[in-house]
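The following block contains the structure, expressed as structure tokens.
Letters A, B, C and D mark the chains as written, and numbering starts fresh at 1 in each.
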Amino acid sequence: MTATPAGTTGTTETTGATDFTSDELMEVNAARALADATTCFVGIGLPSTAANLARATVNPGLVLIYESGTIGSKPTRLPLSIGDGELAETADAVVPVPEMFNYWLQGGRIDVGFLGAAQVDRYANINTTVVDRGPDKPEGRLPGAGGAPEIASNCGKVLMVLRHSTRNFVERLDFVTTLGHGGGPGDRKRLGMPGAGPTAVITDLGILRPDPSTAELVLTEVHPDVTVERVRAATGWELTVADTVGTTEPPTPHELAALRALKAAGKPGKETR
Amino acid sequence: MTATPAGTTGTTETTGATDFTSDELMEVNAARALADATTCFVGIGLPSTAANLARATVNPGLVLIYESGTIGSKPTRLPLSIGDGELAETADAVVPVPEMFNYWLQGGRIDVGFLGAAQVDRYANINTTVVDRGPDKPEGRLPGAGGAPEIASNCGKVLMVLRHSTRNFVERLDFVTTLGHGGGPGDRKRLGMPGAGPTAVITDLGILRPDPSTAELVLTEVHPDVTVERVRAATGWELTVADTVGTTEPPTPHELAALRALKAAGKPGKETR
Amino acid sequence: MADIRSLQDAVADLVHDGDTVAMEGFTHLIPYAAAHEVIRQGITDLTLVRMTPDVIYDQLIGAGLVRKLVFSWGGNPGVGSLHRFRDAVENGWPRPLELDEHSHAGMANRYVAGASKLPFAVLRGYRGSDIPTRTDTVSTVVCPFTGEELAAVAALNPDVTVIHAQQADRAGNVQMWGLTGVQKEAALAADRVLVTVEEVVEELAPRPGGIVLPTWVIDAVSVVPGGAHPSYATGYSTRDNAFYQAWDPIARDREAFLKWIEENVRDNVRNSEGALTR
Amino acid sequence: MADIRSLQDAVADLVHDGDTVAMEGFTHLIPYAAAHEVIRQGITDLTLVRMTPDVIYDQLIGAGLVRKLVFSWGGNPGVGSLHRFRDAVENGWPRPLELDEHSHAGMANRYVAGASKLPFAVLRGYRGSDIPTRTDTVSTVVCPFTGEELAAVAALNPDVTVIHAQQADRAGNVQMWGLTGVQKEAALAADRVLVTVEEVVEELAPRPGGIVLPTWVIDAVSVVPGGAHPSYATGYSTRDNAFYQAWDPIARDREAFLKWIEENVRDNVRNSEGALTR
């Protein structure tokens, strides 16, 4: 499980006839990235929102796989944890956790790994372990690796979703928990990693994709009303920008309705409060 | 699974008031050897007969474990194979075969491994792979190792049951499939084998046990009306005989009745013919 | 995703001359009908893999389709030898049979490594045994923490795994229950997977001991009621122990064997199993 | 063989100062009541092991009973940080906390090795990660067949594993179902096993997805209805997500935390859970 930084809330934006937040832009675009996948290994938090939204919109047949051992979960609400009961009850199969990691993940059965992150660098490497808080302070503690190192290594490809800020998009990771593209092209191959690695990082500002020749993340799309300068300012390294930067399609009314319905149903603790 | 040589049938003997065969003597004594066990990894054939008879007589709580994955099978008839349906239907748990060998057997969870054999040598090593049929002839093919090498290595101790003849009790194995006591004391320890190894070989003539100081099989008991000379003649090496050779207790009427009931119920193919 | 299709087409598409094929089943759920279709199609030069090769492998070997057997115990359980297997090994009839022989623990772990896409598995096994002298798929590794030397066995990754299960749904998801042996590992270790099933049901109801293989790890599902006979399918049939005993005299004699295969397998019209597969 | 006995006696007999203890559960079936009994008895200097240490480990750490944590993801799922865990790691309060940190795949395989009584397990993992620089329980092995270098992780063999399950029978056989995580591995890897259960039933009816642990691998069974709360037991309760969210402000503040432990755990009389365990 990979943590998603809490505390940042989306700001409301207006585009055309539709009202949506920057978080919703991120979530909708993350879901769209799963349009062609058969199977997705789902991290909790934003990745789980995206994967469940994909099932409700662009990819109803998408097989959701959670590290708690569920294959083919079909939750009606957003799970709070990767072990919520509904994930097991609606699954095609529930397998022991070691089997999940050995036969299904390492076994190369999963198309897409969907991860969050606390820190990302320009090669889409991930830190979810510790942050340096200065020379006289102890390291700040993050949750740790969870499934991420082997998800990133063994899935066919990796998608990432996180909010865009200089705190998250950093020049240099304080700790490499999970390898994305290492130090550049060829590093994954040299390390014998079966999957293609990160192919897109979807944020509340736009979408970054690795350049095929350098493996460095490049800004390829911005969300409606987001400027390239704003993305640069929120990125902790000198961001490379594609020759032509596209603009993502605004959420459709159907996508927004589906997302809001999922979130309303999935209000954590709703039914137990 | 270890093969038991077919084709030898017990001869009828008379002792006191009871009629029983030499096979029945072997089977009853083999069952008695399980009196104190909690769990038994059961080979098919004679070991399975013995283990099921133990459940019907000296050890009703004995947990039978078959390599097909069944834990706590309680068959009402002798299974023809280690995969008969009744073994699973009456089990406390059915586990995948890899789990059986890794968690339960290698995991050191099983008190007694009960094996048959095609050839045994004086150190209770076992051959179930190939037999030498002379210089100009191809090797004779036996079924192979099955579970025996790791059963003999990892169970707390090993019991063996097979019919006594110079064909089976040989001076030198043509192939070591399964290590018993190797070349003598210390060999198991040197090889890092957790279990104590073979502690008794029960035959239709009597019982052989390894000498604590030499690890060589010694004749410690004969069955009623069997002479030491007859056992020597049926053994392919110069058999060491204990200073005092005991005589096994004849089968009780209860033991005989239970054994015959099991065999009658377990007549192979009975219900499908 | 699994297509639901005829056994004839599925075997023709998925099993090729020279393939390494695992037809698994631990007494239970042995895919006899699929193996008979392999015989009818004369798919040959096979390397067969199985922990417990029994009568069905005896038939494939006797039919001359097998060049190598990877196994750990070859017999007719509770009855005796596999005579066609012995004849091939001892006398090279109808062709020589190469062997790669292991213990059960080793074979089970070879499948586990295969399903895990690891090149090898580790076990505390083969100690003091002559088995490693006759195979190049057993070696050793040293624990980097304790220094203990352990057995390493090479992964098994069949070209094709063929299994029989009780049920599939229309999407090609499969469920089996009862003794499920190493079937999951054998399927997940293979490049291609063919599953024969007793029936197609609207929905796979979760069962105690049930194992589900999702459609996206299976290439084809063929509906073959009774396709495990003389083995059995818990909930559908019982083991035909009489057949296993009747097999012994048939397999002892080359002519009797050939006649049996001709009449019961190759002659599709007289083969009720064949009829059921269309 | 498992004795069915009070939680108080079972914990006192099976869990000792300085032990390595695994209290497993993947969100589901987390043995809260047993951990609270450990707090009440003040059993200390523990090395705690778990893939996903959550609120219950936060409580044990905050109570000052833990010297080392072996884990792969430490958080309050869906809510945020474990503040007591962070306070111990970052500030050494109430005592320093040593860490042995892995990935999930590594931890799962460490349990598998432990249950298999192997000294290590092999996986294709940790590649390019800094994790191995901070632990001495990750190393490498080379495949003797292909030459590939793979990760080796040291086996985990806890002194005691504590789990919660739905049911036991009178003989002490246990069945759990739903998400069963790594509980079987954690139990079979341990020297001693304590299971708390929702209830004792006359017979364990086989369940879809059910895992049975036979009585002869368990030391004690304690009947503690609701013993997984705020985690849950499928078939008996649902996850109290509100509790997990309410925990966040409690755990942020040392005083609030100590007061909560005093009132809800140590003060047995006011603790409904404690009342249920007698």
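Just so it is clear, contacts are C-beta pairs under 8 Å (C-beta built on N, C-alpha and C of every residue); 3 or more make two chains touch, one makes a residue touch a chain.
Bear in mind the structure is a predicted one, so any value in this text is a computation, not a measurement.
Any chain that touches chain A and also touches chain C is listed here: D. Chain pair with the larger contact count among B-D and B-C is B-C, by C-beta pairs in contact. The greatest centre-to-centre distance from chain B, using averaged C-alpha positions, is reached by A. Measuring from the averaged C-alpha position of chain C to that of chain D gives a distance of 40 Å. Our note on geometry: chain A versus chain D, Cα centroid distance of 28 Å, whole angstroms. Shown for chain B are the residues in touch with two or more other chains, namely 102, 106, 194.
Of all residues in chain C, those that touch two or more other chains are 112, 116-118, 123-124, 148, 184-185, 209. Listed by chain label, the pairs that touch are A-C, A-D, B-C, B-D, C-D.
Residues 1, 112, 115-118, 173, 184-185, 188, 204, 211-212, 214, 216-217 of chain D touch chain B in their complex. Only residues 116-124, 137, 139-146, 148, 150, 152, 154, 206-210 of chain C touch chain D when the two sit together in their complex. If you check the complex, the residues on chain B that touch chain C are 1, 3, 6, 44-45, 67-70, 79-85, 87-89, 94, 96-98, 100-102, 105-106, 125, 129, 138-141, 143-150, 153-154, 175-179, 182, 187-188, 191-194, 268-273. The touching residues of chain B, when paired with chain D in their complex, are 38-39, 63, 71-72, 92-93, 102-103, 106-109, 194. Looking at the complex, you find that chain D touches chain A at residues 26-28, 51-52, 71-75, 77-82, 85-86, 89-91, 101-105, 108-109, 111-112, 123-131, 148-149, 178-182, 184-185, 209, 232, 234, 238-245.
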